[in-house]
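So that you can tell them apart, the chains are marked A, B, C, D, E and F in the order they are listed, and the count of residues begins at 1 in each.
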Amino acid sequence: MAKIITFGEIMMKLSPQNYQRFLQTPIMEATFGGGEANVAVSLSCYGIKTSFVSCLPNNDIGDAAIRELKGLGVDTSNILRDGRRIGIYYCEKGASQRPSKVIYDREYSAIAEAPPKAYHWEEIFKDAEWFYFTGITPALSDNTAETVKKACIIAKERGMKVGCDLNYRKKLWSKEKAREIMSELMDYVDLCISNEDDAENIFGISAENSSVEEGIIETNSYSNVAKQLSDRFAVEKVAITLRESISASQNGWSAILYENGKTYRSKKYDIHIVDRVGGGDSFAGALLYALTTNNDNQWAIEFAVAASCLKQSIEGDFNRVKLEEVLALMNSNGNGRIQR
Amino acid sequence: MAKIITFGEIMMKLSPQNYQRFLQTPIMEATFGGGEANVAVSLSCYGIKTSFVSCLPNNDIGDAAIRELKGLGVDTSNILRDGRRIGIYYCEKGASQRPSKVIYDREYSAIAEAPPKAYHWEEIFKDAEWFYFTGITPALSDNTAETVKKACIIAKERGMKVGCDLNYRKKLWSKEKAREIMSELMDYVDLCISNEDDAENIFGISAENSSVEEGIIETNSYSNVAKQLSDRFAVEKVAITLRESISASQNGWSAILYENGKTYRSKKYDIHIVDRVGGGDSFAGALLYALTTNNDNQWAIEFAVAASCLKQSIEGDFNRVKLEEVLALMNSNGNGRIQR
Amino acid sequence: MAKIITFGEIMMKLSPQNYQRFLQTPIMEATFGGGEANVAVSLSCYGIKTSFVSCLPNNDIGDAAIRELKGLGVDTSNILRDGRRIGIYYCEKGASQRPSKVIYDREYSAIAEAPPKAYHWEEIFKDAEWFYFTGITPALSDNTAETVKKACIIAKERGMKVGCDLNYRKKLWSKEKAREIMSELMDYVDLCISNEDDAENIFGISAENSSVEEGIIETNSYSNVAKQLSDRFAVEKVAITLRESISASQNGWSAILYENGKTYRSKKYDIHIVDRVGGGDSFAGALLYALTTNNDNQWAIEFAVAASCLKQSIEGDFNRVKLEEVLALMNSNGNGRIQR
Amino acid sequence: MAKIITFGEIMMKLSPQNYQRFLQTPIMEATFGGGEANVAVSLSCYGIKTSFVSCLPNNDIGDAAIRELKGLGVDTSNILRDGRRIGIYYCEKGASQRPSKVIYDREYSAIAEAPPKAYHWEEIFKDAEWFYFTGITPALSDNTAETVKKACIIAKERGMKVGCDLNYRKKLWSKEKAREIMSELMDYVDLCISNEDDAENIFGISAENSSVEEGIIETNSYSNVAKQLSDRFAVEKVAITLRESISASQNGWSAILYENGKTYRSKKYDIHIVDRVGGGDSFAGALLYALTTNNDNQWAIEFAVAASCLKQSIEGDFNRVKLEEVLALMNSNGNGRIQR
Amino acid sequence: MAKIITFGEIMMKLSPQNYQRFLQTPIMEATFGGGEANVAVSLSCYGIKTSFVSCLPNNDIGDAAIRELKGLGVDTSNILRDGRRIGIYYCEKGASQRPSKVIYDREYSAIAEAPPKAYHWEEIFKDAEWFYFTGITPALSDNTAETVKKACIIAKERGMKVGCDLNYRKKLWSKEKAREIMSELMDYVDLCISNEDDAENIFGISAENSSVEEGIIETNSYSNVAKQLSDRFAVEKVAITLRESISASQNGWSAILYENGKTYRSKKYDIHIVDRVGGGDSFAGALLYALTTNNDNQWAIEFAVAASCLKQSIEGDFNRVKLEEVLALMNSNGNGRIQR
Amino acid sequence: MAKIITFGEIMMKLSPQNYQRFLQTPIMEATFGGGEANVAVSLSCYGIKTSFVSCLPNNDIGDAAIRELKGLGVDTSNILRDGRRIGIYYCEKGASQRPSKVIYDREYSAIAEAPPKAYHWEEIFKDAEWFYFTGITPALSDNTAETVKKACIIAKERGMKVGCDLNYRKKLWSKEKAREIMSELMDYVDLCISNEDDAENIFGISAENSSVEEGIIETNSYSNVAKQLSDRFAVEKVAITLRESISASQNGWSAILYENGKTYRSKKYDIHIVDRVGGGDSFAGALLYALTTNNDNQWAIEFAVAASCLKQSIEGDFNRVKLEEVLALMNSNGNGRIQR
């Protein structure tokens, strides 16, 4: 079975409980998350061997992050233990017309400061089939940008496939810088994942007749976005998640997968949001699972959308679901009847 | 005023908080519940004298279950104290497309192991007008199946009425075994309660043009289900609750009551689910209250549906509402305006 | 910049967690709130200098109320420290068809017993432009009714503007008493705020073709209510909030502002309720902010409705939002997309 | 077996968690307690039939107090449901050199306002052997003082025994008023309980060579205090608890029982305090149990001290222990080894 | 480096918070623990490769137990997934004179029902140097007794060492049965660990001049107990932990190690107890670590006592400490100064 | 009355609950603290006008820190809002032989990066009598070291007094660097505060016959340490706190104050530790209060020790006590009797 390597930052996430605003009470929930770590956890939950590559400080907080990943079955032996701090992000859950709020405190994190030469990719990639990263990792620092590139080169040399979720973060870099660096990295990418916004933000490829701000999503025009991405960067497959934001509590959720001129459209779910953070990552993780275990694009996009639909009903960044739960949703109408 | 006896298991329910998955954190909420206990609590809240018959181990956990029931006004003097353990059920609350999840750990519970002769029904039934049980109790063990039958016989001999909620649980017995034993017990039943599924699962009586899985409920065909149940088993009244599962967060909720060829239909509520476990029991408890205090079938079905609508907005298995709250909902449009 | 004085009671609010009923568990959340205190907090959050006038017992609980207000930037130097107790209100959050429930334990509170002469309005009003109170304050006791009147007289003598939210509370006084006292006070009022109910309860001015109980709101007829209020009491501006209660979990929310024959209508928000208590106060606070900093009635009513829409997505009575968050909502479609 | 009637106030107790100061966080634990209610709970835990007489408002908070008592087996059918509010006391747990802090908000409570004629003592006392009250009850209001006296008279007429814990509360009445009223009531008392302070505060009977403030307790001189109390008021038995306060975390705990010229001294326990509130009541409850079931003064005082020693290791005002736990402590050296 | 195999039950432990009694509130903390699992965790924390062998049901609760162990670095690949339930133990923390209370609900657990043939010891023992079990495992069922014996035989055949903590549990088996089965197993044991009680309970070997009940511990006579154990069963090393129970909050803690006629005595710690459950296991885990990495008996006994002293200041059954923390305590006087 | 300016860092403190280790559960308590902020809070609680000077990022977390200080009465108008992050410290509470554990994540904090010229000391010092800092502030960065020096110079020019707590932190700078910079700053200091360690760590001035590591404190030799500090740096008054660490749960606590050849010794308290962090700061704050309001050195040292004794019985870094509570402890024997 496939072994997949993901590389990125895992942060401590500090959140107030329920729908409280920051520090309305002194209680914070401290969990862990980060794009590539979330993907690793998803893969591990579906039974895929996964190693998460990162760097964490050698203290009790770094230990706790590793304990969490290990417990969920992710191989952590490729996590460097060095640097001064773990990145932190504060996250307040939105509701109704109030959006979720994220405050980053991730500068100077261990991974941002780890030099490219600290990672031994040849060893890390032993027996691996895929390398996965998101657009967040190269945005962290010059160190990480260089490391990602190096990893991509070695991965391709070894005949591995490379997956990338564009994941544009405006608080980390400018659109210009993102375009420059991501364009270069796209040359190595076999599977590109984007949300309804990223392609425009980074590459200026926009969907006609759609307005993300106003929650209007025109599936057809996203098919064209996928085509452009695929053509411009010679990417084999492009997947785009389509979130219709009705409010912070209610979203429409679907996706398309494009390959070789053909677009596969998933079912659309009307989601009552519990926690949408990590939704995109759960899509990516599930899509990687589906594409590495099953040769059917339609099945893959349905699996990925169902999995990420479930994520958004679960607290925390990780998609704590099992294979059979995703399959059950795919094979039902999602009416949520108790099984007892 | 009527006195009602209910017989069944009360379990400890262990649930994670909010929408967490099992053991996502070490905090569990430990409450108590079980079909017939829930009905007893409802009745007690409406002012009906109720005795709950069961068996609990003679330890601090058994004590706590009794403390809870006693506090809510249920007579616990007919609960045997014996056996090795209290049954447990783990319950994770669903949301959106993710269904609630129930794990039973109820084998070898005190009530399953208590021999039929341990219960003194003649004494228990003193001054009682109704005996109530659900299809869960005979499913627990041969002991409980025999005990229920014995209780039914004595109840009928004493001129009492017998109420039964079919409550099919596939994790406890097969459809075949359920049909065999329940068919026998139905001979004693005056009021039969079923959900949209039970009659089909146990007796193979299905509603045409309805698909529970897909959330399509055709009220007329359920009227026919009720008629068949009534005719086949010579049951005086049959009530059927009709849950339209749109998602784990949103349900339509109504019911019908059938008697003597006539079907009484309730208003339908669009429910934003807080906790649906115990919804059916709160319907049964309210219906028993209504039928024992009021001679009006239409009023009874409206009362029972309003009461059970409220239950689903309350945390825990018990329907912690007062009479006036149910009446207030019946007499309003359920728009939930604050009273202050 | 304007300085605004509000006068009223701040109570301790005791609430069970989540959707629990009262004392379902022993945990209560003890926060503070009260109409005029809530308005003061809103104003302070938008950067307006505000002093909250009240009376609190000189004990640790009174200290805590002051600590909370002070932390949020409200001037508390005009709060008398005397009397025997802080008023309490128990509040249980509703959901779906179950309304929120409020139990008052506010008799004999410090403010109700403080004699009118204890307040030195000339000093309090130094540099102030507005005096604000709600219909709750005169309802507390003869002391407070007299104090409000005295404050109004002095405010007008000093050329200040007076704002009043009618806020009828049937548990505090009868409609007759309310009409008598509020009629007298209306003579001093420049800005009158009402919800869809108050004008009818207090002054018998009702909206045609509307049924609050049934959630039917006819905006045009409320325009007429505003006109009548304005005409009868020579009030410069009248604002009316319009809540369409679909359920305790789902509300429509909009408002109108009437001045000089012209009605300004806001956008309407479909709100998924987190906590609606304090919604009206957050409207009043935002409207006062808007009217004192901006000369545009349409902008003012949009600002006030957006602000109070946000409040209802936040736990607790205070509207813990910043100016930029309200502006962001006004300038978006409220689809709640994460900013990161 | 004996039936015992206790009369007094049950309050809601609001406490911060652990060793927090008041409202350091918004979380409060809301439990119930009060001298005579605590005694009733102790008696019920030991299997004695007990009825607690009081008055509680007819609202959800009053219901919750009753639910708690009922769950613990106390008969609540003699609790009047009337009045405007339940008394509240705020309680902050002390530690080390920081004493526990109590703030009362119990004025105007339902029991303080209930008129003496509201209680039907002849009915209440049916089958009862003992009537028990503490010095707190007559201190609440003229109503309660008169009611206690009336109850005492009827109790004695019916041949019942009367027990009283002096329990002086300086925040409720002056020493002078206490002396006047308590002197009158002492005429009816058969069993008088006092702590190391009360006799001096109320009756001016002090122990030589002892200084409660400095934690110096001279057992012999307390024997003399008991004698004086017994002689002056013709009380059959006098028990005095002796607390040596080393710090808020560490106490010495013992007691004496005096009868007919003879003093029975208990073992002394060095207690590591978990929660000392209710310690005296647990002593009184245990002593009543011992004296009504066993004719041995030495055994009685040992039982009462062991029971109240255990209470101080338990959170909350009630002594949630069973008979066998007290007996186990009496028969061991209190070294707290796990039994498994 | 050594690899150590431990075999036994891991249970879910349900505990009320702080010093609450069972179900005083509905909140329970659900953690995991069990003698041999605790030892495995200790070993893993010190960097020893460890595999825990057990059987857990194939459901979400079993998954959670494994997640916890995995996170802490224990190899879980030898845990069978079968059976109907995980064993549960309810545990209430004692304080002062109130002992901790344990209620077992572990009958019919997965491990008790797993047949001996389900374990493949030859594979499990690959590369292992030690096999460790406690007297609890053979007490669970005939299945486990037979399995332990089989494992011991194979271990010895492979030249492995065998460690055993006698750990007598009177709620699981009689002294007679324990003696019979443990005597047989002792033939395979190289390192025997006992507390101050076990040797007497199982083998009738008692320490003179000591009274565990009264907390009197005579070290010399325990040296003799160790000698007898060593001689009777030809055990190479015998370690005995000596707990002086002053109260449930305060204990003296030391130990001896006996080998070949020589007794090594540790320092004694005066412990302020946070949670003593797991204290013995943390001793065993640390002793195994010390003996497999260091050839010095005196150092080993000091290390084991220091480690287990730390455990008792930590919540939960696992000894969540690192090597350097134990070493720091060994090299200090245990005065607990903050390092910052 | 005096106005006192303190300058330093306020951090977010993240702590697990009770005696849990870091991230044993995901719940963290997020409070705020820091040497000079703690002192400011103490002063404000005693009624002294205090302004805390610092720099905090302009985000919701910075807002929360300010909200906390403002609520407690500290003037926050001199806190700059700039920089990228708030410093964080993780703190795990020790018990028994397990020391508390502090992990710093305070590099790059707003205050460390704020340039000296950002502070306008002439304005800040308006009406102020004292300037206070600790040895932590200059250790943060070259920026803060320079800023402290500048503030000292201006303070002295204005005739203000300067107080300094040496507070050596080995994780922030070396002994050499500390000695160099602190020696320079000492020239401006009028009141120097030290614990039993600092003078030796920074200046090499050690107490004979004392061993902090072993908890042996020889008061006389500390008198000599004070004399040396006073002589070497021409400091008017020197105070030294003397902590005898018996364990992490039990400490002896006293202090001396030296002036002009004379040593004033306080009473010694045996403290049962709730939370010792902030103990030294509460001493400093109380001493500043005492010396600025009262001319009696003996009274001052008794007040400061009593105040800081209370702090250690309170959760969190701030000493949330009122003047009367400190006076009550000074005038009692600290036996912690409830006042009710």
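Here is the rule we go by: a contact is a pair of C-beta atoms (placed from the backbone, for glycine too) under 8 Å apart; a residue touches a chain by one contact, two chains touch by 3 or more.
Note that the structure is predicted; figures quoted are calculated from it, not measured.
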Set of chains adjacent to chain A and to chain E: B, C, D, F
Same or different residue numbers at the chain B/chain D copy interface, by half rule: same
Result of counting contacting C-beta pairs for A-F and C-E, higher pair: A-F
A-E, E-F or C-E - pair sharing over half of the D-F contact pairs: E-F
Label of the chain whose CA centroid is most distant from the centroid of chain B: F
Angle of the C-alpha superposing rotation, chain D to chain E, to the nearest 5 degrees: 120
Length of the line joining the C-alpha centres of chain A and chain D, rounded to whole Å: 62
Centroid distance [mean C-alpha coordinates] between chain C and chain A, Å: 44
Residues of chain D whose C-beta touches two or more other chains: 18, 21, 26-27, 67, 101
Chain contact graph, described as a line, ring, star, complete graph or other shape: complete
Touching residues (chain side chain F, partner chain C) in the complex: 67-68, 70-73
Complex interface listing, chain D residues touching chain E: 18, 269-275, 306, 309-310, 312-316, 320-321, 325, 329, 332-340
In the complex with chain A, residue positions of chain F that touch it: 14, 21-23, 26-31, 59-61, 63-64, 67, 84-86, 88, 90, 92, 101, 103, 105, 107-108
Chain F to chain E touching residues, read off their complex: 18-21, 24, 94-102, 104, 169-171, 212-215, 245-250, 276-277
Complex contacts: residues of chain B adjacent to chain F: 25-27
